[in-house]
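Per-chain numbering from 1; labels A, B, C and D assigned in written order.
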């Protein structure tokens, strides 16, 4: 049994980590932090965890927690305050914020608007998408867990870009359930405002844009010029990214199918399907990818649960790899289907 | 043409008033107030009103507005600060808060937790449910517009109580769309929290309880002991109240149908139907009522749009009566159906 | 007062026509047809119309209806059986199906899979998008009312295409409420299947694709190569189309704003806005369009109510023009906002 | 490892059984039947099971399946055709239909409208609510798995009725997600009809009424006169039952809390909470119960996932008991929370 700490245990990704880890057969949660709720029983705030997590929030991870690995489920800008000390102590860490996702500190600073205060640890960080960085994750001290939209767009378009056939911009139309926007009430997330609507936002300015571009480039060695428009959809969990691209020449559906099968045919969590379905993957760590060509146009899609494969489930997948467990341990369950 | 002022023009009931009045053939809105947004174009905040309301929010109603009637769409406790001056100036007023709904000031103070600072004008106030107080509204200087849950429960149970057959408590199970909770974001109204749930709240303590009891008693001269549990439902507009009661003796469905037909057969806005449907009335000033008996048990139901017949539409219905217009003017449109 | 007939009165567009026309000040519905429900009171099937439509469904439009104009709210393929006789009788007609939307019969036959049995009347048909064909509609004997997705995409991209700057395909990501799919229950529209999901369908094969291409070409004289992917969204009413295009050269937001303002600045029903909102237009005949450029990429969006501006409201707008009424008569009401 | 068969593998409860059992550590599914889909891969119809269930539907359970226990996830009336043969072969069975829930065959026949063709096996059947019939289930050859509404109402009101204080009828207001109505598309379950509505149905005539009455009576030896009105709510999964009762005398909240704690304090799956939350239990086998008294009125509530604790999860809980496993095996996971 390994001991796990969660820094930032009250947000949606923190509580989702606790939900998953509380029934993981090879780890136990020995610390969950929360400044505001230090001293409160975790299950008083998160009643679904009653009987599963018997722990009080603490302000910091106590020595007694004796942690083997820590998840930082903290906001962008807050993680880089926590990581240096964890690295110094030699504690393996999976960070769920955007702070260590960029090799190029300048890109981070431009899109996030913060100065990066821990540039030293940036080179250590491995991007936590196991389907593309499995080996690197196994040896990493620090994993930068991908963004939810980014995961879906990268899984959707990487095989397509890898063909070298994409010409011009890739237009990523992201459609996300509201839990992706976090737990803080706001006018946009107020039910009467969003409950019967579809709300585009952050047009061309969303921070996952450079993340998608950099990772696709890194994996394929091809440039990807991404134009990304996220939309809020009135569902609680789930993302569907619909990604459009023009091709330099016509290709057949069979060729495209072969490309994608080659990428994902052996993956347990990512399935190449005829039609991607949020219901099929919701509450699971699975993603469904599909791609279609029509003449010189292509569309690639990916459906996943933004809180699982798009955040905490993927973080646990990375943890499994980092701690030498079977990659699917504790997360190998099917989506709800209905 | 009469001139209308709206005090509190940014909340959901204020903007719904503007939506309705902006196309009313016999009135024009000459003032809308908002402390926070004074100086802002109304349609900048409420883009659906662009082309319909050409007005800036003002802090108070200016003399130049020359108002014939004012709606106070202000929070409970705030209306009673506004009404005395309006009454003094002889301006007819429809108040959408709970401040003047109770003849007995003590009941108000107990349930709302405020001291009533304008007891003097309480006796002037007429309860704004035209189906039961049409004549009194015609002569009123001040109308206390009913609560949304209260309207639906009162319309549902009054004919039943009037039979004198009800024994014991009446259990009112209220189910409301989220717009009924107002425009301020809160953890409960946050989409990820309420979007796939049904949330009971204020069990036995909701302020519409004594309102229902007092009005039913006033109309029927029978006591009504109401136990009310409201529930938040993940729809934007609409209330369905399901009201249960035991009877002193068995009665037939035919007898009950006759009772309700007698009450509502001539009403334009309230229809006695086989099965009440929110879709049938949504976006309209209509309500659908139905009642069923099974042996010595009865259930009475009412569906309405909480922002229209449950608030601003009914307020305009009262205005029409107070200003001598046809009661249906500007609000005689069918529900969406789909 | 003009007399109006509705052929196909039980589907969603037929009943929406009845909802709108029942309170139109210058017309009365004198006939609604339904084969299956002939003899039934309209309001027994559509309870929201009780008190508004006092009419029984008939199998055909009776002579006694003495109609001045007829709406054919019949399925694709069925309208072209009805129109010849109406044209012969000299009855002005607005057809809500796709049967007369294509000047080129071959395009229709290819995408709809039917042989066109009334090629003779195709040349008479005017495409019923008043913002672009107002004058032609005024003189038309037959109007082909646009498709819902098509209306939103055409309104979004026409000004952009008109600049001549678009290069390559235009990717139209359509997001529609479920009422757009009609009243027949099906596995895809079953609430447990679609209620918490986003469902892409008809990828690159949806029939509105050639409609968008043809109309944009006709209006702008520029080619538009459209790749269209519709998605089902779990809302009842509303469409948001997000349309992506690459540009031959960089342009400024100011230039684009000017282009759109020139197109829509004088239009009452189409508003050029910062951010298109379904809530702002729902239950109204309004559409909101916006456009953004980022370097050599552009996105144009349009929000509307699929049953109103996307179908029956627009049909009534055409009727107003055809019968010489003010264009906004009976449909000049703001969207719900909330 | 035990071998499990599922008769009726395509409906919602059948596929939910497969979802749960596919990751259960002590059983494997060796047969799933479907008349219509015999020969089809299970995961072709239910893509969420790809990688989890490698099996083709068969028309009947083949001998090669060598089953230790069978679930009959068949419609009411169909199960009693299957059970006799299973009983004869000595195969332990959990039936998810209503066919064996009633000791009194006459009650079944009255409410279900079928003649019971297998009265012989009725006495063998144990009602599959482990919290009340744990010991009997352990020894049962045949378990009649409870209805979803029934489970929630029984868990809510049994402790209250057991006090002997209830007077008059118990009014059960059921609110269910749409998956409770099964997989067959119908006008009521069509998204445009139910997606923004709350729909009462089967008023006083729902078949779970006598089930609730009989079980509560059996457990408490007190009569329970239940008046039940179910409502369809636009969520996919989840039931909240709000149950109202008058009391013969006033009691305190402390007394009621003690009563409920005594009933459920040691139960793992049923939690007595301050406020029942569907989000807290969704996708899990947990139920949350709460009860409040106000003077001589009481309200008892229960939230659960209709497909898990309300159907297939509870069936697996029974299976665990019948096969001598730990009761929580394979179903001891927390609800989603968000």
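To be clear about the criterion, a residue touches a chain if its C-beta (ideal position, glycine included) is under 8 Å from a C-beta of that chain, and two chains touch if they have at least 3 such contacts.
Remember, predicted model here, so these are calculated numbers, not experimental data.
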{"item": "Shortest contact path, subunit B to subunit D, counted in steps", "value": "1"}
{"item": "Far-end chain from subunit B, centres as C-alpha averages", "value": "A"}
{"item": "Whole-Å gap separating subunit A and subunit B, where each centre is the average of the chain's CA atoms", "value": "46"}
{"item": "Whole-Å gap separating subunit A and subunit D, where each centre is the average of the chain's CA atoms", "value": "35"}
{"item": "For subunit D, residues that touch 2 or more chains besides their own", "value": "12, 179, 183, 192, 196, 234-237, 277, 279, 338"}
{"item": "Subunit B to subunit A touching residues, read off their complex", "value": "12, 177-179, 181, 183-187, 189-192, 194-196, 234-236"}
{"item": "Parts of subunit A lying in touch with subunit C, wherever the complex brings them together", "value": "167-169, 171, 173, 175, 192-193, 196-201, 203-204, 227, 229, 231, 233-238, 240, 242, 244, 246, 275-279, 282, 292, 294, 296-297, 299, 301, 303, 338"}
{"item": "Residues of subunit B that touch subunit C when the two form their complex", "value": "12, 15-16, 19, 22-23, 46-52, 179, 183, 196, 236-237, 268, 271, 273, 277, 279-281, 283-284, 286, 288, 307, 332-338"}
